[in-house]
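Going in written order, the chains are labelled A, B and C, and every chain counts its residues from 1.
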Amino acid sequence: MKKANIEEWSGILVYVECRKGKVHPVGRELIGEAWRLAEKLKTSVYAAAAGARLDDVSGQLADCPLEQLYLFETEDEYTPVVYEKIITGCIEMLKPAIVLIGGTHEGRALAPRLAVAFESGLTADCTSLEIDEEGNLIQIRPAFGGNVMASILTAQSRPQFATVRAGIMEPVTAGHFQKMAVVRRRMNVTDERVRILGMKETERGDSITDQKILVVAGRGVRKKGDLEMLRELAKLLGGGLASSRALVEKGWMSPGEQIGLSGNTVSPQYMITCGVSGTVQFMAGIKQTKNIIAINTDSRSRIFEIAHYPVCGDLYEIVPKMIERLKCKSFE
Amino acid sequence: MEPGKHFPRESGSSMKIAVCMKQVPAVSEGNMDPKTGVLLRAGMEAIVNVYDLAALEAALRMKESIDASIHVFTMGPSKAESVLREAFAMGADEGWLICDKAFAGADVLATSYTLMQAIRAVGDFDLILCGKQTTDGDTAQVSGGLARWMDIPHANWVTEVINISHKEINVRYNMENSTVTASMSLPCLVSVEKDFFIPRMPSLKLKISGKKKTVHVLTIEDLEDQDKKHYGLSGSATKVRKIFPPPRTKHQEPVTFDGDKAAEYILSQLSDVNLF
Amino acid sequence: MRQLIYPMKEQYEEFIIDESKFSGYAQSISFPKNEEEIREVIKELGEKHIPITIQGGKTGITGAGVPEGGHIMNLSHMNQMKDGCLLEGGNGLIVVEPGINLMDLRKEINATFRKNLLFWPPDPTETSATVGGVAASNAQGISRLLYGDSRDYIEALRIIDSKGQAHFIERGKKFTLPSGKSIEMLDAVLGKEGITGVISELTLKLIPKPESIWGIAFFFEQAEDAGKFVDTLKRDLPKSKNAAVAAAEYIDRESISLIESHKGTMTKIKELPNIDENRAGMVYIEIHGEEEGIEELAESLMESAIICNSDPDEAWAVSGETDVEKLRAFRHGAAETSNLYIEKVRRDDKRITKLGTDMIVSNLTFSRVLADIQEELDDAGLKGCVFGHALENHLHVNILPECYGDYEKGIGLIRKWAAEVNEQHGEIVGEHGIGKLKQRILGDLISGQYIELCRELKSEFDKENIWNRGNIFPEKAGQV
């Protein structure tokens, strides 16, 4: 751990990840958060991007509250070692007190290398950030599988590194900011130890255990055909459809889609159960789900004991209305 | 052990692979005393981090196609020895327990530094393998930090080792929307994705013979840097200010709404989902 | 007055069937949360003489918790741990409500006894079963071999009779029946499948956890070799000063294939590697005790296995609760997937139910029992899974009928076996209970002495005949 001269370090640097010239959405989220923190510290926000094809980047960030945007052009499409060298140089020049990096695949490979390069602290996957009375960054994240929260400080080293996953922070909203200065540099940085041989676009994973949002069909679903409506809801929400054992028993859903003790254990961000009563066996498969919304006509259903948002109602009335609302919004 | 290299590389010898493995509490549901915020670890079983088993599996598979010796490193208290015993039961060759009071309380920075010192003290390794993350701590950053301390390139969350030779390794890994194949020259570090390296079951024969193997212990005196200030809590750059229970939704009485109002209510709960 | 009794509606469909897939019917259902509510329900139903079927986790495999008319009293909402204490000498006691399942029981015990680690030895592999159900059906588990009968770990219980009166029954209290037979009062309840009243509370005996546990799976290319291996162990079970073999379970090829076909959706076991197709059977052994003693036993077992052509490099060996749980889940998979098979076949014919045996034959070698079973299945042209407690010759043969014809043939075969086992003075009902299903399939073959005892208990403790009609002896429920 290297003790830094705290006064020498100020400002917040956001690493902006780009792929094929497009800024990753987490960039705007981190800039938004950086701005919020910067107001408390009365300091500036900088952004840095590295890679080939950066022509459009300044346009995509034109409305951001950045003092300066650094664009480091390299030959190499992303490799941690090359980007590390570039960003290290940027940090040495700017001496930001805080560096925020998106918790993407790229970011999570880059961040620890940078933190070690400066022998400073890194907290990964922060769920919120604050500033304490002394102007230090308070880094908050879950630990032990999400059952406790930890509040962490990097008191003596600089910069204070933090990674944040996409979808956690509020992105920058349009506002009247001073025009940012764009600094473009061609970097002749390579590393022969690493060669990218190929890059192929891929489809996202489909299994119910991969989904962040799950709609779950239970015994309350009366006919096999009614599952179509639930499937549509799941699709509109950007998630998947799963079921309790009852419907798998009936042959309406496949065993791979079953949740429960003799099926899959899932832990999506959101789960909407429709007509699921909540047997012990079912609930054993959903313990780590963060938000359970349960729809059932029986107010004494077992599932209401663990649902975060228990809704006593008829899925046949509620689901069509949800679909209607979602479809309307998408046309606004 | 004399500080310095125990197994310096000789040319033409078998490949030396280091695998970093950690012992963690079995139950990810941390039991916490809500009044004091202290974690109640008593009675919790200690097991090998499942992600690290995948790293060991990756090493064992490589050993099937290339002459290699697998050294497992684990940093922890003396009971972490069971990690090495389990590794022997799967086929690891040597086990190193990095154990010293000075190492306790380390964050990502100090942990990766300690691992680097320990690995260097034992020898020149061609390849270092790590699991993607741990079930306690969960930060997935030690592997990258270790690679930087050792000044070697690294690839994280590798799903396949396409080819391995004495000079280089070809790997495949998934980024958010793409699959990448890359080639890295050795020495380098690779962290692996759990689901692509399903660990083999320990064999009875190896489990029994593994009980008789010697576990080597590395204390601070075996390392080149013996300055306690660089390790453990003092060597850490981050400190935990406090631990507190997560915001838990209290048990709610079921709300009764008609179709449309219920739909509105539910959709409003999906606040951070990009619905539109 | 609050409503405790609910008329049966479509939403309660799941409560008229248990894991055996034996299905019934009922007029009403209740979910009492405590003794007071139980009493209220009994009173209200008693006025109309409506019989009651007691239900726990619905994991039973003989239909004992399935109603045939009348009312269902489902106790799954009575699932709290009420008290726990450490005893001098290191054992412990815990008082629980009957609806607590084995998973939650384990959690409560771990949370209550943080420094002195204790456990409740009865370990049926179906962990969502309730303690009340285990007590009522005399369910055992794979470690009965070492720790003994489940009943030895139930110290006391509270039972509520047909008048709503609660009785506290402690171990040691004896009772003389009109016939002159003297029994432990506890045995008027334990294993009697609810015919004498509803259990509202249990006091369980806990003992210290073993310092260490190993789970070892040996694989055999020939079933005969697996048989030989078990015979060897039976003749000469390796012993050590501070460790012992706690369980020895046989799992045949048919079971293994069935488990592997479902593995993808079974979280605990989906990462276990697939077993070589050429393996005809496996023996899963658990050793409990101190590490040193366990090693000794493991080496001895390994030697015996080698002699029986099992490759020790291939044998799986894990230690610690978490990893042993995976192998236990695999063993449980044998039962679970044969139940899933029945579920599938029932979609085409609802008359089909589980056809599992529960017979114990002590005076034959395991090899002989195994060979006979396989031969008779082949002769009858039936498919079946064979798995169970190898050292006690207590195998569960689950016939897998492809059509109703097979189902009928299967019943015939099971009856033939039961008759043979009776001749050998074995037991035809080992640990699953009789319930309604076994009553129908094997009723006339079950020990007359036992049936008589049960009838006597019934007439002594349930004069109004409201509790669990149809269990053990034939009697349709329905309103009187």
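Just so we're on the same page, a contact is a pair of C-beta atoms (placed from the backbone, for glycine too) under 8 Å apart; a residue touches a chain by one contact, two chains touch by 3 or more.
Keep in mind that what you see is a predicted model, and the values were worked out from it rather than measured.
Of all chains, the one whose CA centroid is most distant from that of subunit B is C.
When each chain is reduced to the mean of its CA atoms, the one lying nearest the mean of all protein CA atoms is B.
Between the Cα centres of subunit A and subunit B there is a gap of 22 Å. If you average the Cα atoms of subunit A and of subunit C, the two centres end up 46 Å apart.
Distance from the subunit B centre to the subunit C centre is 40 Å, each centre being the mean of its Cα atoms.
Across the complex, subunit A is touched by residues 25, 28-30, 32, 37, 39, 107-110, 112-113, 135-145, 147-149, 152-157, 170, 173-185, 188, 230, 234-246, 249, 251-260, 262-267, 269-270, 272-276 of subunit B. The part of subunit A that touches subunit C in the complex is made up of residues 219-220, 246, 249-251, 255-256, 258, 261-265, 277, 279-281, 284-285, 297-298, 300, 302.
Per the touch definition, subunit C reaches subunit A in the complex via residues 11, 13-14, 31, 57, 76, 101, 103, 127-128, 262, 264-267, 336, 340, 343-344, 347.
Residues 26, 31, 40, 42-43, 45, 47, 82, 86, 89, 198-208, 211 of subunit B are the ones that touch subunit C when the two sit in their complex.
Contacts from subunit A toward subunit B in the complex involve residues 1-2, 19, 79-81, 84, 104-106, 108-113, 115-117, 119-125, 138-139, 142-157, 167-168, 191-202, 204, 212-213, 236-238, 269-270, 272, 287, 291, 293-295, 299, 304-305, 307-314, 317-322, 324-326, 329-330, 332.
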